[in-house]
Each structure stands twice: as structure tokens, then as C-alpha cells.
Amino acid sequence: SPAGAVEKKSFKIAWSIYAGWMPWGYAADSGLMKKWADKYGINVEIVQINDYVESINQYTAGGFDGCVMTNMDALTIPAAGGVDSTALIVGDFSNGNDGVVLKTGKTVADIKGEKINLVQLSVSHYLLARALDSVGLTEKDVSIVNTSDADIVSVFTSSSDSKAVVTWNPQLAEVAAVKGATKVFDSSKVPGEIIDLLVVNTGTLKDNPALAKALTGVWYEMMEKMAAGDEAMLTHMAKASGTDLAGYKSQLVTTRMFYKPAEAMEFTTSPQLPKTMDLVRTFSFEHGLLGEGAKTKDAVGIAFPGGEILGDAKNVKLRFDAEAMKLAAEGKL
Amino acid sequence: MGLRIINRRPGRGGALFWGALPFLAVLALYLTFSAMRLAENPNDKLLPALSTIAETVVRLAFTPDQRTGQVLLWVDTAASLARLAWGLAVSAALGLVIGIASGLVPYLRAGLSPFVAVVSLIPPMALLPILFISFGLDELSKVVLIVIGIAPFLIRDLAMRVEAIPPELVIKAQTLGASTWQIITRLVLPTMLPKLIDALRLSLGPAWLFLISAEAIAAQDGLGYRIFLVRRYLAMDVILPYVAWITLMAFLMDWGLRALNRRTSPWLTRGMA
Amino acid sequence: MSTVRVRNLWKQYGDQVVLEHINLDIPSGEFCALVGPSGCGKTTFLRLLLAMEQPTRGTITIDGKPLPGEPRPDRGVVFQRYSVFPHLTVEENIVLGLEFARAPLTGRLYGAKKRRALEEVAETIERVGLSPSRTKYPGELSGGMQQRLSIAQALVRKPRILLMDEPFGALDPGTKAQMYVLVRELWRAERMTVFMVTHDLKEGFSLATRVLAFDKVRHDPQAPEAYGATVKFNIPLDDKAERAEIVSKLPALAATENEEGATRGRPWARLFDFAGTTRRKRRESHERTSV
Amino acid sequence: MGLRIINRRPGRGGALFWGALPFLAVLALYLTFSAMRLAENPNDKLLPALSTIAETVVRLAFTPDQRTGQVLLWVDTAASLARLAWGLAVSAALGLVIGIASGLVPYLRAGLSPFVAVVSLIPPMALLPILFISFGLDELSKVVLIVIGIAPFLIRDLAMRVEAIPPELVIKAQTLGASTWQIITRLVLPTMLPKLIDALRLSLGPAWLFLISAEAIAAQDGLGYRIFLVRRYLAMDVILPYVAWITLMAFLMDWGLRALNRRTSPWLTRGMA
Amino acid sequence: MSTVRVRNLWKQYGDQVVLEHINLDIPSGEFCALVGPSGCGKTTFLRLLLAMEQPTRGTITIDGKPLPGEPRPDRGVVFQRYSVFPHLTVEENIVLGLEFARAPLTGRLYGAKKRRALEEVAETIERVGLSPSRTKYPGELSGGMQQRLSIAQALVRKPRILLMDEPFGALDPGTKAQMYVLVRELWRAERMTVFMVTHDLKEGFSLATRVLAFDKVRHDPQAPEAYGATVKFNIPLDDKAERAEIVSKLPALAATENEEGATRGRPWARLFDFAGTTRRKRRESHERTSV
């Protein structure tokens, strides 16, 4: 259970299909996870959940000890739900993996007055807000149609009713390929704002230091393989995400992976991160994502490695922690 | 020796008591688990306290939304009910027309029944893209999804029921000079009406399900839309009352249909037939 | 006109032969009583006449034309298990035949037309004794009341051929007597051809102008299903005034009577042995007691 | 004048011909639209050509996966069928037991029927988080979703059917000395078996639907999982054969259940009763 | 023992009074024939005895104890519309009563026990003439065959009280005679109390030891539903040997006979007027012709 302050031996980590998270599937299938868990005398079960939101919900409800998610979802779901969570590994940030695509228009400004299909309240929504911001528009200038991520490709491809979408990869590549469609904005224009994390329950982490070591250890062993272009591993991940090697590689191009722990550590400790999180929490608060109890955007506290705290210091629920990545960088795992 | 259990009947009060019991049990279960979870994490979102739910209900049902100025629950309800009503009406009409046609006319049965059987077995969610090209993304496609979801069941059920009409009655009608059309208007329609209503009652659950799924695909309002939206941050304090509200409305519809049955087909309850 | 001619009719259900080798010539207007042991195939014969079932072999013609392959309003029926429409009241059940005839589109009359139709059937309802139960549903009727309803329903359409399967079986003697009068009146007035299954020989002999006794003539004790029943005795009741009238109008048919060797010498007198009544009754019953 | 349309019956060949007609019509429609779209855009993924579909089928159904050495289609089919079988079996058992109990025993009816009615009207998809927390993410929760999806329908349908058993038969059994339990084993069970099978046939569509939904949320194999996986790439060349395959299996089940009915309840087709 | 006592029994359906003010004392072993016009409430009376319906007023006791509120194996029944179990063959339908008694858990016998039970009922099956149709389902039987099946089914359990609603209505005279013998034999052997509804007065008078004639004694032409039927004539057939035996065993009951003023002076002779038969028949029928 989430706040159970007891030492335990078995842990469950949930993951879902996304370019930057595919290594977790490989960790489970290749036996690497078992190797690292054995090393620290624990047991880690890696569970694939197809529905991304459901995986976070399950983590928030206590069904898992850790789960992969974006920075925004980490704030609005577990943290806002009172589950003290730690971003143990910062794996990558979206560098073009999320984008805005128009069927007829050519620039962001052409979006005005359109109906836009996107997953409401997700990072897509956040990206749209940033895109509108960049040309001085607001959400009032468009109308948003909530559309599930699984249907977004077919909606855009097959229906003339759909003129604009915001989505992520691999869907983004599919919609951008539609004849005449233009990608007018993507996450590379707001680098480092959409961050993909492995989030672990803070209590569990504190009581079981071995867990952090095992997870970080396996992750960076895999990163090394990936950076080296391990064909077998990449093919495995491509298959698992439902595409082929070329397709997967093209997704990686727009994913800024932190292959080296030092890079990740640097990103986490940089002063840019609190600024990013402030943007995110402002957006979240304005959209009611911090919960009904939240009277200001300070309601949920966010802690950063340097000790800096954003929001309510007595209610810190999301922590960015570079310790484990530091150990990895120092080769102490 | 006492009466056999099948011959003992609870009184009105007894029926009420026994009927309420499982609901109270579920409520008690919820309260227990909710209290347990909240003791561990006061911000737990999965099983919010009744007081939290009540607050949310007040906000959703009686407070205008800051952004739009509308009261969300009513807007969502109106949108969903309109879609549902269309879906049910079209499905009922199809069920009646095709069900009777294929139950009564052997040639139509030969032509339609395998096709309807197959259509009823196709998982519609898997073919959404094809639905979108054919019916667009607006209200139409949502209604169509409901229709695809429940009409095949209604058609098959009605067709089976029409086939089960005692052949003596059909023969009798023919000896009284009834044409096929008159057999339909005077024998088949009136005896199928209560069966249709019963079948509709059984389809209410699936109809809401398809509606909610349709609203999850592409929508800007509706009860299903809201549920999927707030699922993104596990707002069970919104989802639970919404689900309860949907269930309540479905239950009232079920009850209303049953009452309608008693009114329109008095012969069902009169006498021992 | 509705002369019924049956030629070499056979009916099997699977391996079981129910009816075999049936030949009949029934002049138009004849009132036939069908008698015979339970399970010998009387109902099956009526079902064949109604075209509810198709014969395994042989033909049935009406006025020389093959029997239409489906039930038509020219052949009315009262089923053995008196099925009436459960969703219609007594009155609605009875007026239904008129509505079918007069409202081709909806099968339903309204307003003045409806009232007129109801008035027309009021007498029939009265005569079958269902006036006090006019607005009841069949589920609220006793067995005998349902049977009377079924009779009234069939009579209203005045079919040319009337098929009745034990129509008075569930009625008390008083009610039965009233029904006899009703059916006989209509039979005479409309010159219907009537086939009535009955187990009451006296009823058969007193109402009908011809008695058809069904029974097996061949038996195989090893395989009771191998042989079917046929018309063992075909007894025109020539001493009836009505029959004389029917035959006089159809001289052509008089000849065929001779085919029926069985009618000579009254071997059918044995029929009354079934009845378990003492023989002394036989002659009595054959006298036409007022019914 | 010819026979009324309700009295005309096609022969065996005729039935086959008429039965095939709507399928051929749909196929023709598909081919036309597919050709039109492909003429415009040879890479169109929405309505792939039959040849493309055929290639994909060969790959899915007959080529072992390099990664695992398994043939995907069979692995998926085996996984899905196992879940479906469990779901159907449990639902049928529940439908039979609770349906008969609540249809036959007035006290149980008073206690259960409103509850079952309400449960049947709750949209289960909206409560998935609670479901998954309660039953985990393994096979169990998938089976449970199927059960929640179809058991209430089966229970309500069976209960209605049990209530519709002619009271004379129940009385007759009692005068022959039957205990409640004997009434169940000798009268209710045998007469309800064919109704249960018919109800199961009508639930096959929903059962597959719930299975696919469950597999789309949490699974690593199964037909629904595969569809979910490739849906994001709009790989209709995979989805269409998978849907056809699901439909074919469902149709075979439907057909098998109907045959089972004829075998186990010969009295239904013998005679005119 | 099964003495039936009915006290001031009323039954209404909604506003309609069906039965009113019924008082009866039936000694154990009596064979009662219930006669009366169609729709007067005979079936309703049987339904009350069966506890399928609850009386609106009044009580029924058996051997002094109130009637159990549900059907029990002590009261067997043959329904007017002979309902048998459609999913069981003839043989299975008939052996069912024995299976219920001997296999409390499953209600089904197997192997040697099953064979023994089948042998026991074989004679009954033979005597109702259904041996050749032993393995048929009810849907494959004729109306009369279903009726015989229903009788056989009820007899196998040898109930103490047997309720039969027009049990021989759909049978031909020959079959009927066989059934008379069967029912009478069992009645004598088991000393059952029998209530049999019949429309055949001769049947009633010849089989029964007491005839109960139901009819309305009060009429309101304005409101035909206001008054119900009662037992208009209660006629113990004292000249029957069997009846003498029954009464001799129950001296206590002899007294109550005197309550029934109606039995004096034979006003019930009018019963036969219903029959539409000539009066001259009346005396004849009353003679016990061999059945």
C-alpha cells in the first residue's frame, strides 16, 4: 500500500506504450530487470497497461509502487490525489513528439475558430495552450472536442468534420502524413516542458532504498545499449509498440532521450525545471486539475533537488529527486 | 410443516425491506472501505467520503460553471438524453420492423437472419473509423453507435418472439380473412409490444454503455464526456455521482417502461392466461 | 358452392402413418360429423383441410380446384384447444372477422362503423351467452366460455366450409343445446359445408347429415405405427330432410353414394359398441330427438 | 391469387442464396469504396485492398513472430478464447442460479430483482478504476468485466422466463409431491436450459465487446489487445481481418449453441407444442 | 382419511362474485360429481380446494385441519386444459410422481430403480392406451391422448383427494369406458375422495356417489356479476352400494345429511332439463347403466 512504512521485497511497476518508455518492456522480457532486482535482493514486476490514464489511476489508487507518466500528469493525478510521489528517473522530454496538425491551415494562427480534436486535460491540451500563447490566442478562440488517443488517427483521417488535432507519437506521425496536413507546432518549440518520468511512491522509496537502485541500474544499462544502437533491443521495442524498426527510430528522433545519467541529473537540477513546473501547475490549476479543494495554484507543493519548493511546503506531494541518477552517474550501482 | 419457499410471499413492507437490503449492504461496504482508505491518505481519490461527494454534487448540479456559466450536470444530462432517446427510438423502430418482418416472412427470414446475427456479433468499437467516414463525428455517429449496439439484439429477440407466436393464432387470423398486413396490425404488433418493451428494458444498460462510449470518442458535452474527462485525474467524486445519476435515470426509464407495459397491455395481468 | 373431394389421401409424421387411403366426396352444404377413437387422426384430417399441414400423398379439391396451400377465410375453424386471441376482449375477438373484411388497411374499425359492427355481432355474443363478459379478456374466462368465444368468432365470418374440432366438448347440456340451435341455423341459412369432430355419437347423428367414422382397418401388433386410420364408415343419413335437399340439388353426386359399399346393410351400427352404452339405446339415438 | 407472403417458404438452395445476398452486397460496397479511396491515395489505410488484407493475414496467421517464435493470431486467439470461455461460463452459471432463484422464490425476488436491475444499468466502463483495484489487472479482472457486462442480462432474462412458466405446471409438480429442489431439477432447469442457451447466444456480441474493452486496457495478448495496439497506426489491414475473425468465431459459437439446443431439448422441435 | 368440510365459502374476482355461501360436508371416500352451467365456478371451486387460489371468505378443512395453503401430493389434479410437462415423454411424465417420492434429492431415478418404477407404471400406461406412444413428447400427441396422459400422471401418485376437471371430455366413448373402469378401480382400492367436474350428467350420476350441482340461485338482471353460484343441489346417491359403505363407516356424518333439505323430494330432477333431452330419459339415466 502507498503509505505503508514497512520494508517489503516485491514491487510492481506499471508502464504503458510510448517511445520513451518502451525500454521497460524490454527490461521485463529480456530478464535485465530480474538481474538487477536479484542484485539488490528484491523482486520487481513490470506490468504493461495499455490504457495510459488507467495505469496512472491504478498507481494513484495504490495498485502499483511506481508508474511511468509525464510531469503534468504526475502533478495532477497522484500528487493532487494526495499520493506523495517521487520522480525517480527523468527519462526524456518530448522534442517534437507532441504536435499540432491542421488539415487546411499552414500556421498556428490559422487555428482560430477551429474545432480541435485532442485528449482534453492531457499534455496535448497543455501544448495547445502553449501554441495559442505563442500567437497571442487563448482557448476561447477555439473549441475543443475531447477525443480519445486511440481514435484520434481515425477521426482525423476519415472524417471531414475533423480539421485540427493535437496529439503525440505515434499518432502524430500518422496524422501528419495525411495528404495536405501541416504540423504547425510541436513540442520542440517548448523544449523540456513535456517530461517523461518514472514516478515512484515516496514512502515506498524511503523504506526501500534497494528499489531505487535496482530501477535506476536497469534503466541506465538499457540506455547504454540503446545509445549503442543495439539492433535486437530496438527491434524488440519496435515490435512491442506495434511498428517496425524504422517507424520506431523515427519516433526516437523527436524524443530527447537522456542516455547518460549525468544528462538527466543536470536537467533535473537545472533552474529551468521549477520554471517549467510553474507553467504546468498554472495551466493545471486554471483547468481545475488540482482538484476542487485547491483554492490557488500553490495547493500542491513541488520539491526540487536543490531544496527549492514550489507551492505549499506543508503539502509537498511531488518531488524531483536526482540522488539515484547521481549514483548511476558515479557508477555506484 | 411450513409452506414451500416458492409459495411464501413477502408483504409490501417486506418486499421493500428485502429490496433495500443489498443496496444498504453495498453502501456499508463502500463506507467501510472509503473510511479505511481515507484514514491512510486523506486525499484519496478512489473512494471519496460521502461528504466530498455531496459537495461535488452541489457544485455540479446547482452551481454554474465559472468558465461557461452553465450548470454542468444539466447540460450534460440534456445532451446525453437527447442522444439516448434518438438511439432508443431508432433501435426500437428497427427492432419492431425488421424483427417482425424477419420473424413472420420466411423469405425475409432467410435473407436477414444470418446477416443480423453476424452484425450483432461484430464488435462495433473496432470499426469506429469506418463509422466515422460514413456518419461523421457529430451527433449522428453517436446515435448510430447506440443503434448498432442494441438494434441487432432487439431485432433478433423480436424475431424469435414472433416465431414463437402460437401457429394456431396466425392460422386463426388467416381463416378470419386477415391479410399479412392485418395480421401484423392486429395480432403481431399488439402481442409484440410488451415483448419489445421488455427487450428495450433489457437494452437500457447496453444503450447507456454505447452512449457513454460514443461520448468518450469525440464530444464536447454529455455525461459520458464528463466521466472520461475527469477520469484523467481520477475524480471519483465526480464519476460516482454521475454514474449514480445515470443509473437512477436508467432505473426510472426501466420503471416507466414497465408501467407503460401494464397500461398498454392490460391483458397480460388480467386473469390467468 | 363448396364440394369437397378427397382422393387417396395419406399423412405420415416421420415413420408413423396417421391417415391412409382416404377417399371422400362431400357435396356442398353437407354437415359431416367426424367420429373415431382418440388419436386416430381426426384433428390431423381437419388440419389437412385447413392447409395447416401438407398431405404426404393424395389430393384435396374444393369445387374441383386444388385446395389453396394456406388457410383462407372460406374455411373457418374452431380448434380443439379453443385458441382465441389473448390480447383482445370477448367483443373484440368476435368482431375481428368483420374488421378484417371491412378495414383492409388497418384491420380496425372506428366510430360509427365500429359501432355498427358491434351491433351486428351483439346477437351472436348474446346467443353464446357471453354478453355479461363482453369486456373480459380470455384469461378471465372459464374453459367453456373460451370455447363458446371461439365458436362465435368462427361463425361471424360465415365461412363456406366450417371446421370444428370438438366444439361443444367443454359445455354443459343446456348451453350445448343453445349452441346446436345456433350452429344449425347458420348452417341452413348460409348453406355451409361443415366438418365437426365429436365424441358424442348422439350429437353427431342428430346434428349431421353424414357421419364419417375414422378408424384403423389394418393392424400390425408388432408395429402399431405402420398403418394409419382411414374412413371406416361413411354414413349418409338419408332419412334427414336437410340431406334430401342437399342431394336433390346435386343429382350428379347421387351416383357416388353407391361407391360407399359400407353404407349398405348398416354394419356401422357397431359404432355404438364403443359407446359402452347398452345396445337398446342405439335405435333411440338414431331417431332424431329434438336438439 | 398466390399464397400470402408469410406462407411462402424458400427451399434449401433459396435460403442459402437469400442468406448470402446481404453479405455479398456489403462486400461489393466495400470493394467499391476501397477502390475509390485507393485511386485517390494509393497509401490509404482506411479501406485497404483485399490483396493487402490477404498479405497481412498470411503474416499474422501463418508466419511465426521473429521475437517470440509464435504465430500472433493463434496466441491472441487462445488468450482471448480462454478469457471469453471463463466469462461466459461464470455468467451462465450466475444467470442460471440467480435467475432461477429470483424467478421462483418470491422472497429472493423481492430481495434481488431491484438490485440486479440496478446493477444491469450501471455502465461498468465508468467504474473501471474501482474494478481493477478490486480484482487486479490480471485475467481475473477481464473475466469479471465480461461477467459484470452480461450476467445481469442473463439473470434478468432467466428470471422473467422462470416467472413465465405456466403456473399450472408448477402446481402440477407440487401435487405430484415435488419439493422446491425437485421442481428446480425436473421442471425449471430442463425448461430453462434452452432459454439460457438462447440468452447466451444473444449475449455473445456484448461478451466479445467487453472482452475487447478489457484487453484494450490491460493485457499483453489477445485479439482486443492487438486491435488496440495497431489502432493508433490505423492499420485497418490488421483490424479488419481480426474483426472478421472475431465475428466468425462468434458466429460459430452462435451456431454451435443453436445446435446444442436442438440436441439437448429435442422436445422443442418435435410436434406442434 | 380425508373428510372435506367447506364453510361459508365465497370467492370474488374483483367485483365479480363467482362463488357464494358454499357449505359442504364430504365424507372421506366419497366420489363427487360437480355439474353446472359453463362459467358458474366449478373450476374455481377446484382451484380453491387445491389452494391455487385463496378464498375471499370462508374456510375449507380436511379432516378438521385447515387446508394447507399450497398444493400438496395429498391432492392430485387433472386440469381442464390437461397440462402435462412438455419436455418429458409420455413415460417420463407418468413416472415423474414416483421419482419425486423415491429420489428426494435429484427427483430422478437411475438404473434398476428406474426400471422398476417404469415397470410399475407400465400397466397404467397400457390401460390409458398410450403404450405405443410411450416415447412421444406431448407436442406429438392428440388432444385426447394428452388428456389420458394427464389422468395417468395424476393417478400414479394415488392422492387421497383427486380433483378432476372434465377429465374425459376429449375422449371417444370406447376410451372413456376404459377410463371409467380405471378410475373407479383406483377409487375403490385407495378409498380416495374424488371431485370430478363433468358436463355429462349421465357420467356424473353413474360414476359418482354424490352429485353437486352448482348454479346461481339469485339473479340481478341489472348486474349479472353481483351474485355468484352456490351448491344448488347436493344429491347423495344413496342407492349406490359404494355410498352405503362410505356412510356406514361414518355414522357421525349421517346426521349432516339432513341439513341438505334440497335432497328431499328430488327437486333436482329438473337438472335434466338443461340437457335438452326429453324428460322421458331422466329416469333411465338414473338407473345405473353399466359403465
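In order of appearance the chains are A, B, C, D and E, and numbering begins at 1 in each one.
We adopt the following convention: a residue touches a chain if its C-beta (ideal position, glycine included) is under 8 Å from a C-beta of that chain, and two chains touch if they have at least 3 such contacts.
Since we're looking at a predicted model, the values are computed, not measured.
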| item | value |
| --- | --- |
| Intersection of contact partners for chain C and chain D | B, E |
| Smallest number of contact steps required from chain B to reach chain E | 1 |
| Farthest-lying chain, centroid of Cα atoms versus that of chain E | A |
| Approximate Å spacing (C-alpha centroids) for the pair chain A, chain D | 38 |
| Separation of chain C from chain E, taking each centre as the mean of its C-alpha atoms, in whole Å | 29 |
| Distance between chain centroids, defined by C-alpha means - chain A, chain C (Å) | 85 |
| Of all residues in chain C, the ones touching two or more other chains | 70, 81, 140-141 |
| Residues within chain D bordering two or more other chains | 4, 46, 129, 133, 167, 174, 179, 234, 272 |
| Where chain A touches two or more other chains at once, by residue number | 57, 61-62, 151, 154, 157-158 |
| In contact (per the touch rule at the top): chain pairs | A-B, A-D, B-C, B-D, B-E, C-D, C-E, D-E |
| Residues of chain D touching chain A in the complex | 41, 45-46, 65-67, 128-129, 132-133, 136-137, 215-220, 225, 228-235 |
| In the complex, chain D residues that touch chain E | 166-169, 171-179, 181-182, 185-187, 190-191, 265-267, 270-273 |
| Contact set on chain D toward chain C in their complex | 3-4, 7 |
| Interfacial residue positions of chain C with respect to chain B in the complex | 50, 52, 70-73, 75-77, 79, 81, 83-88, 96-97, 99-101, 104-108, 136-141, 153-154, 157, 159 |
| Residues of chain E that touch chain C when the two form their complex | 13, 35-39, 41, 43, 80-81, 129, 132-133, 140-145, 147-148, 165-166, 169-177, 180, 199, 201, 224-225, 273-278, 289-291 |
